[in-house]
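Here the structure comes first, spelled out in structure tokens, and everything after it is commentary.
To keep things simple, chains are lettered A, B, C, D and E as they appear, and every chain counts its residues starting from 1.
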């Protein structure tokens, strides 16, 4: 019976991509308590920038870096123009702004040649050819690169938030903006930085996704929604939670596709099963697996 | 009660002309939401190296005054409409909160507002201005002032007691190496022993580091005892000022802020002046 | 000179607009071309193509406008959902309707007097693929992968019936929608069931992802992937690249590369005339749009000087026997009758080569089995 | 406001644990009806936690709390409120976006006895009771001298005023037992006098029992019928004010000096 | 009482009961009557296709009032309102086709079904807060769509046609469909709005707002926050269910696409653009979004026909998400209280007219 280990491995692979995509959510949430519905669109933007560059002959890796840099700046710009005014507004309004933004970016991407239709990357030399096989499951080099990239970035950000002064400052801002200002923290700069970092990770996720499944606006942007159960399951403000949540959702999806689908007529249970588990987990742990419990002392 | 009554405002004792290290608030008017005027021409000076206290009734505008100085009005939708605030050659009223902190003026907010989800040590680190100085050394310095804190360094600040939170808040502010510390009701909700301890510490830091302090207090007793100079605020105006000892002997201050009768005896709360109100309770 | 409205409502923008935009362009261009050619003597066509963003309420609104205000004698539709929702209204208003969705339920009872499919249904596509499988390998194991929507689920019932009669074993029916980033689990399970033929009813995107994963897992040689009309074509090769190799596709249309076909020559000519981009002209959806418009206009022509709805209906159901209509876009003639509401039932199976070009592996044929499992009343 | 049958609050051997930390250890005390009972003790001693246990926000790990015939140990906050126990919070738990009037109207919730259907049609019962309660609320506003703030959003009021709204709101519940958690924090002496007067009026004229947490020893000593002292979650003293203030353990843990009559060292002004 | 009750500029009420009235001054009452008369005559003035839009706006308004009840007044973010509409629509369809009930019974059944399911879905709100709850509603939306697709009774998401209705002997046909339904939807909307307006001035309405603002304090007021939240979900999804039932008949058939996630998002956008937690906003939001959609639809048709942009650039497709997104974003940035605030300011202006201040 080698199906189970294979399903688990495949779950981990896709899960680490989810985790990477989720990281951007968490970065923003952790510092500003904003949930970014436009994250999928930023992921798509990053992927298409990289793609457009490779189309013009730029080396794949350089194109990827430039894309990350661009979305870094884009994140900053979005914060500056749209989110900064929303500081102090109710959470639902801020969420809705990001929903609006997702729509705006969608529209803007439709103004490029990449809005409709489907494209795929010219695979760089490093990622072509035979990957490795685990428990009889062949994994492509792209997948392996994706997992490594995801784990690397996630590790770096975990360290950053727990140990660096800037990371602590970012958490402080999320905790109490006014108090953070009172000690001279520029809340604006912290937000801008969070958005920028989220943008950067989004491009990374976008490029990997693009390599794995091709580039369509709908597909890339759709990840923004997919990542939702991931961050909620892991706990919205936890980088570790993003990793674990991503892996769990990836594995759950695969287990349900591997076993449940055979039982349920029509199948397609991978679309709903993670959500059902998510609700059950939330009922037991209302702040997700690793989320910070609100301190409520009356 | 208003103190701006017939009672003549005592002439302030002679003081030297303000130096550049004095924080001066000059005729400041503040409005919230563009319509609610709260400060109506407030002027005061925080002398370099001195502890200055600011007393006043609820809603007089004390917190607002501190916010005006520290640049924290904006998030509350407030504005300085008139007047200037200067310190160390800089016009604080013209710069943002971050710059004010860099200029050396740091506020400890009302109600302490520690970062609840951060550990005590992280709270302190969050106070360090980014990229300035060695936070390790500063941490040790804070721990010498508040020896209770090291034991708590990894505890979540949200679960520490009121007094500990006040120490964390002050310590956090000190991490930025301020030259003027603005304290908003540090005694709020603290047990008597702790109030004394906090003020002892403030006094000590003031002496050892030459730190100027502006403290807003409701506990006029302890504030006047631990300050050099004092102001009394009513309805958005400074209505009285003087050396702390002088203020403490002012009959009005005695009655309304210190709760001492003419004769110097403490009034009992039991026989409070019910006569002042119409009783209409049922 | 009389003006008659030829209206189309479909997804020029929004979901599936990559297909819809080309389809709408085909309708519009052919309609204009008909005007330029004076195909309908004494009649000028008012060519209206309107976006409904794949939203049923918008489709209904457009329908009400076309029929209620513009007096259109025919309605060209697009999506499955919109068409199904409109059935009772179409029946009530007696407006002959042709849609881009080849969902068999559209022409099934009830309320099916005025609904027509231009070409063979998705169900027929699938059944034809099953017949092909049965011929190649008796008793083969087949799995179906369908889109999680009425559009995808539509052929499942007929496919099961046909498989049973053909002696094939359907091991599994799975729903897979967009964003299927990783199909390892699905494919591994199908493999473990021993399914050798995987038939898809979907759009090109999800199919391409499945193919790519199958390639990585080394399953392409072991499994034969196949699909109905909306799974294949250039969209698929663009997405799946070399993983699309050997994919078998069922469709009724001629492809752009078959330049010798009169229909395709017309597509090229009209496309050039109305300055369409290369991608649009190459798209099979552009051809399909033209086909729908051509059928409608032919029906009007047969209705004579006064092409009202009843006339168009009569024109449509007269298309059989020697009077069948053959515009050359599809591989067989369009035949309708009062009972037969499916136009060009002929279809071919095509297979992708290494460069992603689809080459016919069968001639034009009808699925005999389909008529057995889904007799039309 | 009717005089209900008067219930006694009894806390019996209550222990409250937060993941290993004992916020309260075996605390027992009684609050007889009609008295003003103060609870004092250093910060973090567990005073608020005790109040939370009484009002249903926390549930004791061990022990029992009863109010007359009611068992409060496991009751939810809204249920406890229904038993005639009202509470003013230490850290301002107001409806910050609502005006003072609206805040107080909310406190009438349990006194409005009509159903959702009455609400939907808003005729008869609903309409009549709403008008009566509005009148009641206005009387409280009058009594607590909040007229000038009545229609301001409470979030914009100064801290001290908010504290008063907090007490007013608790009062609007027409409780038998009023739990006040540091209602005078952030007030100067004159304002404290006002608050004391409100509290004494409530207690004397309504027969409302008051449990008061307060750090100002002057207030506590002057108005309490009985004082309990908590330290590190343990009850270290209890009794009449003058007994408690003389207790050396209390002096060591809390006040630091003997409360010798009206002239405390705390109150003396050092120059 | 001032001399004129028409131009009352201040509060001259002498009894608390007067404070409860919704339409206090004569001018307000008068304008209400004029408005109602206008609404009753509207179908005679309006072109047919616009009448259809008005009907859609009114149906959405019912759903948006419901969404406001959960999200606006109670603060429970609900990304599944379209699914609740769907529950109502399917229940109505089943009642009408399987039980052969007339529409005036089938639609309330839709409402009740919505309320029932809403109550159940609301249960997690007893434990979950903020975004965690929002995701529970999102999960419901997804499970709903999936579930319908797997239920043969519901045609697996394909169409369930509804019978034609007959009112006072008038049969709704294709040509008078919008006309007939206008007079059916309008009273439903008015009644639903008034009912909620009533609830708002009572303890039930206040307790929802209290829970939104501070649920701990609400508990201290004797309000059971759990009950309040569940009640909010129940009422909110009752409104959604009614809207779904109306929509089912109005669309003549129920298909799953009409109740998808994007509709939930659109309903949220309507609620926010209108002004969260505002009754007038619940009308203005749908009005604005539908109108915007029309304008943009026409513009993008025009752009599409002009060939203004190079091939591959799909400006027509771009326009709609761009304008929809920008409308939401700009509203939130510059008028976070939504159109309702303009409405309020406008009314204030007329109340005080001719005095500027």
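Note that in this section a residue touches a chain if its C-beta (ideal position, glycine included) is under 8 Å from a C-beta of that chain, and two chains touch if they have at least 3 such contacts.
Please read all numbers here as calculations on a predicted model, not as lab measurements.
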{"item": "Shortest contact path, subunit C to subunit E, counted in steps", "value": "1"}
{"item": "Contact-richer chain pair [A-B vs D-E]", "value": "D-E"}
{"item": "Chain located farthest away, centre of subunit D as origin (C-alpha)", "value": "C"}
{"item": "Most distant chain from subunit E, judged by the mean position of its C-alpha atoms", "value": "B"}
{"item": "Chain centre separation (subunit A, subunit E; CA means) in Å", "value": "33"}
{"item": "Subunit B-subunit C separation of Cα centroids, rounded to whole Å", "value": "77"}
{"item": "Euclidean distance of C-alpha centroids - subunit B vs subunit E, Å", "value": "50"}
{"item": "Intercentroid distance (Cα basis), subunit C paired with subunit A, Å", "value": "37"}
{"item": "Numbers and ranges of subunit A residues touching at least 2 other chains", "value": "116, 265-266, 268, 271, 297-298"}
{"item": "Residues within subunit C bordering two or more other chains", "value": "17, 21, 148, 153, 175, 279"}
{"item": "Set of subunit D residues in contact with two or more other chains", "value": "57, 89-91, 93"}
{"item": "Footprint of subunit A on subunit C - complex, ascending", "value": "15, 17-18, 21, 148, 153, 172-179, 181-186, 188-189, 192, 204-205, 208-209, 212, 216-218, 235, 238-241, 279"}
{"item": "Residues of subunit A defined as touching subunit E within the complex", "value": "35, 82, 85-86, 89-97, 99-113, 115-116, 225, 228-229, 232, 236, 264-266, 268, 271-272, 275-276, 278-279, 282-283, 286-288, 294, 296, 298"}
{"item": "Interface residues, subunit D side, partner subunit B - complex", "value": "1, 18, 40-44, 90-91, 139, 142-143, 145, 156-161, 163, 182, 185-194, 196-197, 200-202, 205-206, 215, 217-219, 222-223, 254-256, 262-264, 266-271"}
{"item": "Residue numbers on subunit D that touch subunit E, as the complex places them", "value": "55-57, 76-78, 81-82, 86-87, 89, 93-98, 102, 105-110, 112, 114, 116, 118-122, 126-127, 130-131, 134-135, 138, 169, 173"}
{"item": "Subunit E-touching residues of subunit C, taken from the complex the two chains share", "value": "12-14, 17, 21, 50-51, 53-58, 60-61, 64-65, 67-69, 80-81, 84-89, 92-93, 105, 110-111, 148-150, 153-154, 175, 275, 277-280"}
